[in-house]
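Next come two complexes, and both contain subunit A; in the first it sits with subunit B, in the second with subunit C.
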Partner chain A sequence: MLVSIFIAVTVVSSIGAGLAAMLSISEYFFANYGPCQITINEERKLTVEGGKDLLSMLATEKIFIPSACGGRGTCGLCKLKVLEGAAPLLPTEEPYLDEKEKKSNVRLSCQVKVRNDIKIEIPAELFAIREYTCRCVDITDLTYDIKQFRFELVEPNTMDYIPGQYVQLLTPIYEKSSEEVYRAYSMASDPSDKHRIEAIIRLMPGGICTTYCFEYLKVGDVAKVNGPYGDFRLSDTDSPMVFIAGGSGMAPIKCILHQMKNEGIKRKATYYFGANTVKDMFMVELMRAFEKELYDFRFVPSVARPQENEKWDGEVGLVTEVVQRDLKNAAECEAYLCGSPGMIDAAIKVLTEMGMSQEKIFYDKFG
Partner chain B sequence: MKESPQIQRLEEVLRSSKLVAGGFMGNDVRSVSEIIDADAAQLARLGFTARQIGARMQEITDIAKGALGNWLRIDDERRAKAEEAKGAIVCPWPHPGRFAKRVTTVNVIESDQSVRWADLNIHLIAEHGFFEGKGSNFRIEPDILVKIIF
Partner chain C sequence: MNIAPQIWQAFVVCISAVFTQNILLSYFLGLCPFIGVSREIKSAFGLGLAVIFVMTATCMLNWLAYHYVLEPLGLEFFRFILFIIIIAAFVQFVEMVIERYSPALYQRLGVFLPLITVNCAILGASLFMLIRNYSLIVTIGYGLGSGIGWFVAIIAMAGIRQKLANDRIPQGLQGPGITLIIAGLMALAFIGFTGVLQGR
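Presenting the complex of A and B:
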């Protein structure tokens, strides 16, 4: 009897041990992809340990592809061409790619896993994107839910960027986030100061990066950014300009206004800035100063619904309603928009109805 | 009850901070299945389905978003506003689904009671019956939600 039990136990244990060994062997062969080679633009070769997504592997090698969502496949910005070695297109990529892009092997690098040798093509200018170590030197409350963060660049200690561009700020692991994530923020700084950058950030309830910035980031803390990224910038025409922004959308417009002052740009410009209530309005004095310093600049702040106890003698209504009332020559102008996706959509609708062609409307919607 | 590997994996994602600061479970020690079952039972007592709740939430968000972040009267008793940020958030369940980073707040004018939700919450409630764990940023109590939106 005891012998039978012993044999049964031994057989069952052996089967268990055999299965465990098979599992380990399969894991080794199927989940461990070993060293893989990434060939970039047919000239640069990187050897990486396979298994992770292309976006993060390139970032590890200090090649930063634009991304506003930190690699979660929700912004559609991290496009590059995969010439060889990628798995088929994923359903998560399809909404971000048009037919032309699909035919020319454009992929979202955050969705492409490196499991074998792979050949990719990326624009040469992305090699110029760098990672910067910086120190937070100032945090200013602009409203109850918008702050301005100023960072001093430490290593490298200068950054050349085009006003309107953005950087990705690294949120480290902290109490409310178990992993590092990047989020995109437009630079608000005066571009003549190459040692410092500013970001204007609005608190998003539950937002991983904004919660970190508002509740944990302190003056003196070290931070990391990479960039600069983006095509949002002044055109080189002489057309009159219309800026339309709301909330933290102030950032790139402020940066462009500094540029206009520094470079003595003589273009007529009108800036429509919308706030919901008077307590959401900020930087009015700075904008009034720009009115005196720039060639032909008018700032038109508007409050959608002033509260009973708030004093407001400026324009009243949604910023798009103010544009409709105030702008007389839309067809001749170019428009530069920054704000929530809803505001951008509403502004595009109003401007095109007023006769502005779609090609003259510039914006960064960040997915 | 023993959870399947898929549910265990889902629970890991919900308790992590991969998608939202602090995660979806807050300080709730119950499993995701227990939270969903308890809220479903409460909804049944209230006489509503999760899909009905989701449809009403979507209706309110759709009305409010036209006001670009400002309060808008949605009927005689309530006002709502929908505030939007750049970017999108994905559903933590293992299927494709991305939602605008938009937060809708509904306020009952007479009692000044309010409730808020993100676009993702509408999907989580309508499709997964998930109102989030207690203590999370966007936990919505079904009885309070029903009282405010209907």
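Presenting the complex of A and C:
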């Protein structure tokens, strides 16, 4: 009896073990792709262990490709060109690629498995996206609920960015948040200083990242950002420009103004800046200084609802109302908007009514 | 041993497994993926193909394992465990091979391939071929036929459900409810095939 039980158990276990061994052996032969080389833009070479998808391999090498779905192939953002060495186009990729992209070897990097040496092409801007370790060196109060944070880049210690772009600031786990989150902030700094970046942040009641920045982040603290991202930037035309911003939407416009000063760009520009009350207004002196330094720049601050005890001799009313009153040649201009979604939608409506075409309106909406 | 009559028998068994003895609509095996994956034809097609392949191959492997390992050792009662192990290992193996040599097919089958491991129709087919004392050749025909039968049933169901997607269905019947009713009607239709054969 015992013997037969023993035989039975042994036989079944050994069959199971045999099958498992066979599987391990075949995995060794079938799933082993050895070291593979990824050549990026014909210049940088990475050697990685083959078998995984391109997106995650690039991420481990600190090359960040935008991806919203985390590699499941549902967002279609992680596109890049695979020049050599990719498997044929997969059905999972097809919905996200148009004919032109298919012809020029554009693929979703989360769906391309690295199984041999491959050559890829990443747009220079994406290639420039890195993770930066930086130190907070200065926190300035701009108004009662807006602060300017200046960070010094430590590793790597310089960042090349196009004025108007943004970085994502990592909020670590702290008392009021149990997970790491990223929030996007536009660069407000003078782009000629590649070692430092500035962000202008308004406190959002209950906001995970803004609460962290306002209540926990101290001068000297280490922070992590990645970027730069975004395609909000000056066009290369000569059209006169209209900037419209509200609150912390000041940031990318300020950066662009620095750029215009640094590069001596001679374009006519008008900047409409809206604040709720007088105590929400900031950086007026700096803008007045830009008026003197730039070729043809006019700063038009406006306050929507001046309080009774506040002294204000500028424009009164919503920023869009001021634009309506003040702007004469809307059809010839280009507009650059930055602010809350409500403000941007209202401004687009006003500008198109005044004869500006949609293609000439560029904006950076706060999420 | 004459092979020709066996091949003929395998062919007949195969045809009857597709229609009159359909493993899904006569025995109601493999209902879970049948209801879960029949929402659209494309995925039903992928799963159906995978079932045909795995069912044919595992029926054959299980026949060999049963007749050459379990029977000589008198361990027939272990067939359930052994069959499941063999099916699981085979599916794993197939997954590995397909991923290596046909990434496109691998992507198309997606999660369905590993799901087949726990599809009771696969185990059911292996057990039926034992009960009915099929020879190896007939077993292959039976596995193939059962797979095709399952494939036909799920494709038909997916077609009906795609048509239903735009129709107004009473709230209480939406989803699995109406699917089971349709499955019942389809089963009745397949019983009709038996009548066709008998009236020959």
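Assume the second predicted complex is superposed on the first by the 242 of 367 C-alpha atoms of A that agree within 3 Å, B and C clash if a C-alpha of one lies under 4 Å from a C-alpha of the other, contacts with A are read in each partner's own complex, and residues count from 1 in each chain.
FYI, a residue touches a chain if its C-beta (ideal position, glycine included) is under 8 Å from a C-beta of that chain, and two chains touch if they have at least 3 such contacts.
Because the structure is a prediction, the values reported are computed rather than measured.
Chemist: If you stack the two complexes on chain A, which partner ends up touching A:G206: first (subunit B), second (subunit C), both, or neither?
Modeler: A:G206 contacts subunit B only, not subunit C.
Chemist: So in the superposed three-chain picture, is A:K113 touching just subunit B, just subunit C, both, or none of them (first/second/both/neither)?
Modeler: In the superposed model, A:K113 contacts subunit C only, not subunit B.
Chemist: For A:L46, is the partner it touches subunit B (first), subunit C (second), both, or none of the two (neither)?
Modeler: Touch status of A:L46: no partner.
Chemist: Where does A:I139 make contact in the superposed view: on subunit B (first), on subunit C (second), on both, or on neither?
Modeler: Neither partner.
Chemist: Per the overlay, which chain contacts more subunit A residues, subunit B or subunit C?
Modeler: B
Chemist: A:I122 in the overlay: touching subunit B, subunit C, both, or neither? Say first, second, both or neither.
Modeler: It touches nothing on subunit B or subunit C.
Chemist: If we overlay the two complexes on their shared chain A, which of subunit B and subunit C does A:T92 touch? Say first, second, both or neither.
Modeler: both
Chemist: Which positions of subunit A sit in both the subunit B and the subunit C interface?
Modeler: In the superposed arrangement, which is not itself an observed complex, subunit A uses residues 91-92 for both subunit B and subunit C.
Chemist: Sort out for me which residues of subunit C touch subunit A in the complex.
Modeler: 65, 69, 73-75, 78, 81-82, 85-86, 89, 92-93, 96-97, 99-100, 103-104, 107-108
Chemist: Taking the complex as given, what residues does subunit A use to touch subunit C?
Modeler: Per the touch definition, subunit A meets subunit C at residues 4, 7-8, 11-12, 15-16, 19-20, 22-23, 26-27, 30-31, 87-88, 90-92, 111, 113.
Chemist: Hey, which residues of subunit A end up touching subunit B in the complex?
Modeler: Where subunit A meets subunit B, its residues are 68-69, 72-75, 91-92, 176-179, 183-184, 202, 204-208, 211-212, 246-247, 274, 276, 304-305, 318-320, 340-343, 346, 365-367.
Chemist: Using the touch definition up top, name the residues of subunit B that touch subunit A in the complex.
Modeler: Result: residues 16-22, 65, 67-71, 82-90, 96, 98, 100-103, 116, 118, 137-138 of subunit B touch subunit A.
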